[in-house]
Structure formats: structure tokens, C-alpha cells
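Following: one structure in C-alpha cells, then a few remarks.
Each chain carries a letter (A, B, C and D) given by its place in the written order, and its residues are counted from 1.
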């Protein structure tokens, strides 16, 4: 057993377990954060420190924090879980079947894999060059998508200004 | 470690995410499940690339893109959740059943 | 000027006048009328000049219209004896009628339009006459029909006029369909539509029978022969000058002209000729009987037109091109004259009823009455007027190698013609207030007040006088016409002519006894038999029969299909639509709106598929 | 010939008009109309240039532009014209321009209306000039889809129903077409969608052709108003607003006939020969059936709608003769009928805009009140009857000549149908245009000279090709020489 594999493995699974099972949504988000740190560890083990750093920065630092804000803003951290058992067992069944089937495929498949890649080739320079050269268009599109997502998010959550006409109508409705 | 080990790890992570998506009531919890599934995919990308001698930078770039898209997706999803909360005073997925036939 | 220039002027002048009058001078009647009159004059002069410069060889001027695939269609002018005579007749008579209409239509609010369509009609007719190919003939044959539609329906606010125009168009179109199919078949068997070439072609027998029969269907429609004759009397709804134009020299003559044009083809088809003779003779007799009882002056003339057209076709069908053609020319002149005279009475006394006109003092219009008598005598075939010569020739040609029945039919029709013509003349000129005959309506009294004398009477009288001279003199031009046609004029001996003259005189005599003498009851021998009279008056009930049978049938089919469309096709489509909707409603119940259920189901299915494929691949 | 990509410019003109229209603010109605009119004029001028610069003696496809689009699937943006495309491009340009001018008085949601219309015309042009079957189908759908909103929003008389019916019928047609086209691609080896390559003899075996042909024929035939799948077309015509009816009957139905000619017959000649008698019978039934049903209609537009069924039957009959004269006549008839129905709907639309009534029994003697407006209608009616002097006479003549040669009985039945055509046209004229004056309509006003322009243009085109048919037939026959001069060998 390799410590570079087992440590991230453990962190990931524990974090994910928390994220999936905790009914307090804040706890779940923390579980997610832990799991993501584990994923970053796995990235390191797979020889890609840059993505590992990005993972921690964006996911743990960005997304998880945003979720916490959202939870705070919606002020419903743990809605009452109703009719839980049937639903959970059904979901568990589906997920379990998926897991079993997937494992079956993975175990049976022959990937022809063997030796590791030397980590030298994974230089950040190569990534940077490719990003601005080969995948230039995709990179630019992604930035556009992000921009649009931000603008879109703002537009969606913006409170609509109350029109004067509605105010005129309001008393009549109350009267009715 | 072998490729299969990483793939099984990713599969496990994905299944847990799937469970969250299917079982949880809370929209944010469902979103968390989605994020887990995305990360499972990311692990797969890097693992395949690491073990199968593919283009060195490709997997990393794809992972970066996925992370970027996930950020965008999370932003939009959270915005929608907030909007829904304002409308229904709830973020229970069972409350949103307008597509019912 | 060269012949082609003259021909082009002759053809283009009316077309230009039509567009100028209709579009350019829409609100200026005077200018429109002047334009049309000038164009008519130009056409008539050109046509006469062409006739005068006639050369024995046919001349041909052509321009390509369509040349593609297996079709080669051209437009042009063919100048030979037949076209030159007919062109001159058409142009001159049209000019007469245009002049006449100056007075006749002087107060009509639509006179500009009227003149424009006269010009269009003249153009179509001239192009038809001078046509060098059957295709062009057909094109202008249709256009003649179209122009006549607008002229007959000129008073468009009268429902009867609109109905008559519609009836004329549709009934002639039934004939046109035959002509059209015949044309296509002819084209397929000869690969040409050139008239000169077609006339020089020899056919194997069965094919030519079919083709000529189809052509004859077209002629039946246009020349108002039985059984498609019923549109012609109704077409009298148009203004009288229109009737004069349509039913003397032009529209109805087109069919006969077409027959004359393809005389060589028809002569190759024995069976068709027999059918032509039967139909023509039957039509001549049938329509004469109707003319004997009609009280409407224009209807009398209309029936007589049908019967005279039958005479022409008899002559042509009997094999004598000259006889039929000659009668076509003379009939054009005296029938135009008769219609113009009738128009003058009608215009003056504001009634169509012969008896009412007579009572109101018809004979006081001296020039008109003279024209009526001379034209009527020509129609009756009294020597030495124009109709006599041509009718003699026809009856003479029937005598050679044809069954007696045709001669007898011709003589019978000839007798009735003389009878009804003089019945009309006597009723107008010798009114008898004590007679049993009663007019349908009383004519307004116009004894002294001449409020109809708008300006000069010259435009009315000049054409009548000119045509009267024609009706007197044209009969003596037979030899020149024969020469132009390349035929030798046949002069029947007096003995051959005797029966025809005899029956004509007998007809006149009987008319005198019934209507003319001062003690006459003015109630014809036919009218004394009420059943027969009703039969004749109703046109042998053919109109009613057609209405029941064909119009009813067409409407029934239309109604049936209309129902099929609404209930069958539309209903079927709607049924499918509502079925789909019901199915959709049922299917919609499966939609619970539970997001997670959807995701779970899809993941499960997807996983099953993946498992299946993955295990399959690994094995 | 210049190197200018003239066909692409024609194609882009309506698209540019569409984009500008979308961007412009709602209130700028006059500007929107002017921009669309300019686009229409541009396409018309360019279509004239194409007509003039097309080398008729050379024939074949000319002015080819070829750009790979999705190379992995062999899809290319390939545009080119042959004699038939030249004629139909001209038709579209004329109807587009006159359609815009006819709708000059529109006030309801002007921006969206012209946007959809530009999109529709864009698709139509694309269909007429593309040489790649996939691109062809793409444009075909682009042309068909805007019909739904155009009818459902600006229409009248059960508009939602008609719009839905039209869309469903056309979608059924597409559903037949799509597998047919895919089958062409797959059966040919899956390398190319190019029409010329697929049309090569020997690409498809006879049994394959016989199997695929009905899919394509019926799929396109539904849009062409083929009996018995015609019932969407009259309802659609009736409900649509004036310019849409003009485009719909004038141009859109021609897409179907064009598809049959270009793809079904062009690629599968053996299949066409096998099925021709069957489809010729259906076409003939359509001719007579349309005339009979039109005889009983009381709505102006329904009469015209069923007359379209009848006239498109003539087109289909001509195509099914598979002989050069028949196909020449069919294409000519496509053009003539396009202009004629555009004129019909334009004339009726003018009357309807004022009266909001289309029941012919409610009218009478209109010619006395508005002679100019009704004379447009009368001229269109005369053209519909196939009176000589109008373009459609020659078209019908050519079709009938070939039809009698190939299918004597059907040809005769179709010709007899002319009598009923005359009957229903004259019925409308007699009831509504002539007859006693109805003083309800004394208030009607004549079109202004500006509004007369589009109608006069259409009439001029009809008369021009009626008097000089050789121009048109020469152009068409430069593309139809592939058909046997003696008709199908049956």
C-alpha cells in the first residue's frame, strides 16, 4: 500500500461520506471541502501539482465558500427530511448498482497500462503554452462563459424593481 | 499504484455523488453531489493520462477547464437556488414540481 | 410598304389602341374612342391594301416563340387567299361597328372600356385569322373567347349579363378542350403545327378521324352548333354592337374559318365529314324552329346565326370549300347589317320586342327599315342578294353524292329562314293593332320627341348604308373570291336552283299570309299549336336539360368532394391530431415532476446499457 | 463572369436584413421596412445579374462556391445554379420584394414580422442554390419553421389551428425526408452529400432507388401540396397574412416540387421511372379535385388555396412525365404559379385589409367601386384559367403536350380539368367582382400608386413571360436536357 494513494483515498471517502450523509447542510459543505482537499492530494499523487493547487484554490476557496454564503442567505440550513427511508434506500440501490457495474467493467477491462509517466513532462510551462496556443479558442470561450455566468447570476438574483403601476393595483386587490 | 485503483476511487466518489443527487431534498446538497461527480471525472482524466502515455498537457488542461466550468455552474446554480428560495420560501426539490404532467 | 409591314400595322394597331384606351385614357372617353376608331381605320385600310396586293403564292412571316425540347412554336403572319379575304371582312366590319357604336354607346358611362375591349377583340380576331400555325390559332382562339367574355358581360352589374358571359366562356371552353387535345395529337403525329405543311400531309385513316373529330368539337363550341349552341342566344345580353360583331363576322365565324383553314385535313376523314353534315343540318333546322317563335328581335337574329353557321358547315362538310367560305363572307355582311338595324330600333324604342317595335312605328326609321328589309331578304336567300348566291352554292354542293336527307334538311331550314325573317320584317313594317299577337311589353312612345338624336345620325346610318350596299353587291363577287381561294366557281344551272328559290318564296308567301296582309292574325302557324310553340320557345328544353344534367352533375361532384375534403381529409387530419393529444394526456401522467426520479431512472438505464456494452466488450 | 461570390451574397442579403431587423429598436418600423425592401431589391438585382451571366449554351452548374463545413461527414457548403435554380431564384427575389412592399401598411409587431420573413427567405434561397443535400435539408427546415409564428401571430381565421396543422404536416414530410436523405448518404458509401456526385449513374442499384424514392417524393410532395396530403395548404393559405400567403403559395410550395425534381428524380432516376405512373395518377386527381372543391368554396382565399392544389397538380404531373417538355413546363409552371398566386393573395389582401371580410357572397360589383384593385384580381384570375398571353398558358401547354404523349388518358383528364378551372374562377368573378353593386362597400378606396407598384410588377412579369416565353424556356431547358425528349420509356 502506497501512502501517496491511501492518504488521499481516505480523506476523499471520509469527506464525501460527510458531504452526502450530514443533514445539516453546513456540515455537508464542510465534508465537501474535506473531500476536495483529498482530491487535490490525489492530483499530486498523479503528478500534477498545478491542478492540485487550482483545485484547492477554486473549489475549496471559491465554490465551497460560495455555498456557505448561499446557505446563510437562504437561512434554511436543514429542511426537515421527510419520507426519508424509502428514498434513501432506492438512491442507495441505484448508486450501489452503478458502483457494482462500474467496478465490474473496470476490473474486466484491459487498459494495457503499466509504467508511470515521468513527471518531468508535466511542466507548468507546457500547460501554459498549450493553454494560450493550442487551446486558445477554448480558453477564451471559457473566460466568456465565466463572465456570462457571473452576469447571469447577478441578473437572476437581482430583486425586481416594484413598478408604480403595481402599487396602484394593490389596494384594489386587497379590497377584493 | 495501478490505474484500476484510481478508477475505482473515482467510481466510488461518483457513486457517492450520485447517491446525494438522488437521495437529498436540499437543492444545495444536490449541488454538492454534482460537484463530487465532477471531481470523480477529473480524477479519471488525470489517471488515464498518467498511466497511458497520452499527450502530457492535455489532461491537466481539461481538468482546468472542468474546474472553470464547475465554478460557473455553481455560480448559476446557486443564483437559481436563491431565486427559487425567494419564490417558494423553500429549497426542497420536492416543492418544485411544475413539470408535473 | 412591304406586306409584312402592312400586316404588322394591321395587327398591332388594335393592340396598341387597347392598352392606350384602357390604361392611358381611363378617364377620358373621347380620347379612348378616338384612339380605337383610328386603329380600326388603320387595320381596315391595311387589310384592304393587303387584299388588293394579293400575290398567288402564300407569304409567310414568322418569329420564334418557344423553341425547346420537342416543341417549336412561332408567331407570325400567313398571307394567302383565305386569310386575306377573312382579314379584310373582319377589319371592315369591325370598323363599321366601331363607327356605329359612337352613337349607340354615346351615353354609357363605360364607353371607354367598351371601345378598348372592341379593340382587343379585333386584335385577337385578326391574329387568329392571319395565323400561320395551329398553335397561334389556338392562342388567339382563346383570346377571342376572353375578349367576348368581357364584351358580353359588359354591363357587369346585370346578373344575367354576367351569367351569359360565363356561360359563353365555359361552353366554348368545353369545345376548346377538344380542339386542344386534337392539336396535341396532331402535333404528335406530324411534329409540326404549320398550317401549310399540315394541309399538305396525308394521314393513315383512323388517326385523322380522331384528330379531325376533336378539332370539330372545338368548332362546335365556338360556332355554336348543336349540342353546344345554347350559349349564343344568351350572349345577346351584351350591347347590340357586340352582338353584331360577335355573331356575324368574328367569334362564331372563327369556328367555320378554322374548318375552312383545315379543309384538306377534314376531306381525308370520311366519318368526320358525315358527322359534320349531320350535326350541321340538324343545327340549322333546330335553331330555325326556335327563331320562328321568338319575340325578341336579337334572339331571332341569334337563332338565325346558329342556323346559318350550320349552313356554312354543311357546305364545307359537303366538300365545297368555296360554297361554305362564300356564305361565311356574305353572312358576315348581312348579319352585321341586320344586327345594326336591330340595334337602331332597340336604341330608339328601348325595347327588344318585335311586336312592340312595330306598334311604336318602327318603319318610320326609313334608312334602318330599308336596311332591315334588304338584309332580311339576303338572309332569306332571295335573288339577287348576297345570301342567295352563297346559299344556292351550298344546296348545290349537297346535291352531289350525299344522301337526300341533307338536301331536304337544307331546304327545310331554308324555308323556315325565309319564313321567320319575313315574319320579323312584316311585324315591324306592317303592325296590326287588332292582331292576336301581343307584345311582352309596350314600347314607350317616341312619336315626335327625338331626345335620342344625340348629335349627328351619321355614325349610325353610314355603316348601315355601307353594309346594305355590301349585302346587295357582294353576291356578284363570287368569282373573284373563288379565284382568291384557288377554286373554280361553280355556277349551278337554273334547274338546280329552282327548289331552293321555290322554298324561299314559299316561306315569304306563308309569312305574308300569316303576318303581312292587312287582315292577318299575326299569329304564325306554329303559334296555333301551343305544345309545339312552347317546345320551340323553350329551345327544345335543351337549356333546362343541360342545367339539370351537367351543371347539376358538376355541382353534385363538387359538393361531394367538398364534403370529402371537409370531413374526410380535414377530419382525418383533425382526428389524428386529437388522437395524438389524447395519447399525450395519458403519457403525461407518467410525468411526476420529481426531478430525482427522472435522474435515477435515466442513470439506471444508462448504467444498464454501459454494463451490457462493457461486459460484452470484455468477453 | 466575375469572381464575386454572387450566390452567397444573394443568400446573405435576407440574413443581413434579418440581423439588422433583430438589432433595431421596435419603434423604428419605417426603417425596418426600408431595410427589408432594400434587401429584396438587392436580391432581385443580383438575381437578374445571375440570369444574365448564366451561360445557357454551356448549361450545367455554374458559379460554384465550395467551402467544407463538416468535413468528417462530407458536408460541404456548396452553392451553384443551373437553369432551374436561376429561374426559381428569380421567382423568390420577385416575391420577396413584392411581399415586403405589399405589407407596407403593417402595424402589428412589425419588427418580429420582418425578422421571421427574412429568415424564411434566407432558407428558401439556400434551398434553391445549394448543391449539398445536407445543406439543402438544413435550409429547407430554416424555410419551413418560421411559418408557424408568422401564421399564428399575424394570421386570421383559426390561425393557431392552421399554423399547427401546417407545421405538423410539414414535420411529417420532414420525418419522411430525413431517413430518405440519410439513406442516400449511407447507401452511396457515406463519403459525400454532393448532389452531382450522388446523381452519377450507378451509385444506387435499381431496387434501392425504388425503395427510397417514395420517401423523398412524398416527403417533398407534402410541401408541394400533393394530393392527398394537401389539406394543410388551403387552411394555411387562408390563415396567413398577405405577404406570408404570397411567400407560402408563391415560393414555399415550390421548394417541394424543386426537391422532387432536384433530389428525388435527379438522384434516383430509376426509382422515378418506376413510380411515375402512380404519382402521375395522384397528380391528375389533384388537378381535378382542387378545381371541384374550389367550386364550392365561399372564402376568397380558400378558392385560391384549392386552385393552388390544382395548379401544383399540373407541376407534379409535368415532373412525373419525366420528359423534357413536361419538366420544362413544370418548372415554368412553378414560376408562373408563384407569381400568379402572389398576385392573387396580394390583390385579395388589399381588399381584406379594408373590409375584413373574405366571403365572396358578401361582395358584388366591386369592379365598379375599386376598378384598379379588382383589375389586379381579374388579371390573376385570367392567368389562373390559363388564358394565353399570360405565362401560365405556356407552362400548362408544355405539360399537357408531354402528358398526352406519356400518359394519354391522364393528360386528357387533366385538360378536361381546365373547364372546371374556368368554372370556379368565373364563379368568383361573377359573384364578387361583377354583378350588382353592393353599397356596403362604397367606402372602399383604391390602392395608392405606391401600393400598386408590387402588383403591377407581378402583372408585368406574368405578361412579359406570356408574350416572350422563349426567354424562360431557353433558360429552363439548359438544365433539363438530361431528360429524354421522347418522354419516359414506359
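By definition in this document, a residue touches a chain if its C-beta (ideal position, glycine included) is under 8 Å from a C-beta of that chain, and two chains touch if they have at least 3 such contacts.
The model shown is predicted, which means the values in this text are computed figures rather than measured ones.
Asks: Nearest chain to the global Cα centroid?
Replies: Of all chains shown, the one whose C-alpha centroid lies nearest the global centroid is D.
Asks: Let me have the rounded angstrom distance from the C-alpha centre of subunit B over to the C-alpha centre of subunit C, please.
Replies: Their C-alpha centroids are separated by 87 Å.
Asks: Approximately how many whole Å separate the CA-defined centres of subunit A and subunit C?
Replies: Here the centre of subunit C sits 90 Å away from the centre of subunit A.
Asks: On a C-alpha centroid basis, what's the spacing between subunit C and subunit D, in Å?
Replies: Using C-alpha averages as centres, the distance is 37 Å.
Asks: How many angstrom between the C-alpha centroids of subunit D and subunit A?
Replies: 55
Asks: Can you list every residue of subunit C that touches 2 or more other chains, as numbers and ranges?
Replies: Touching at least two other chains: 596, 600, 603.
Asks: Considering subunit D alone, which of its residues make contact with at least two other chains?
Replies: In subunit D, no residue touches two or more other chains.
Asks: Among the residues of subunit A, which are close enough to touch at least two other chains?
Replies: Correct list: 87, 90-91, 94, 98, 102.
Asks: Who touches whom among the chains?
Replies: Applying the touch rule to all chain pairs gives A-B, A-C, B-C, C-D.
Asks: Show me the residue ranges of subunit B that touch subunit A in the complex, using the header's touch definition.
Replies: Spelled out, the residues of subunit B in touch with subunit A are 1-9, 11-20, 22-26, 28-29, 31-33, 35-36, 39, 42-43, 46-47, 49-53, 56-61, 63-65, 67-76, 78-83, 85, 90-92.
Asks: Going by the contact rule set out above, which residues of subunit C touch subunit A in the complex?
Replies: Counting only subunit C, the residues touching subunit A are 596, 600, 603-604, 607-608, 610-611, 614-615, 617-618.
Asks: Where on subunit D does subunit C make contact in their complex?
Replies: Residues 164-165, 168-169, 228, 230-232, 235, 289, 292-293, 295-297, 323-325, 328, 365, 367-368, 382, 387-389, 393-394, 398, 400-401, 404-405, 411-412, 415-416, 418-420, 422-423, 426-427, 429-430, 433-437, 469-470, 473-474, 476-477, 480, 485-486 of subunit D touch subunit C in their complex.
Asks: Note which residues of subunit A are touching subunit B in the complex, please.
Replies: 2, 4-5, 9, 12-13, 16-17, 19-20, 25, 28-29, 32, 35-36, 39, 42-43, 45-48, 50-51, 54-55, 58-59, 62-63, 66-67, 70-71, 73-74, 76, 78-79, 81-82, 87-88, 90-92, 94-96, 98-99, 102-103, 106-107, 111-114, 116-117, 121-122, 126-127, 129-131, 135, 138, 142, 145-146, 148-150, 152-154, 156-157
Asks: Mind listing the subunit C positions that touch subunit B in their complex?
Replies: It is residues 587-596, 599-600, 603 of subunit C that touch subunit B.
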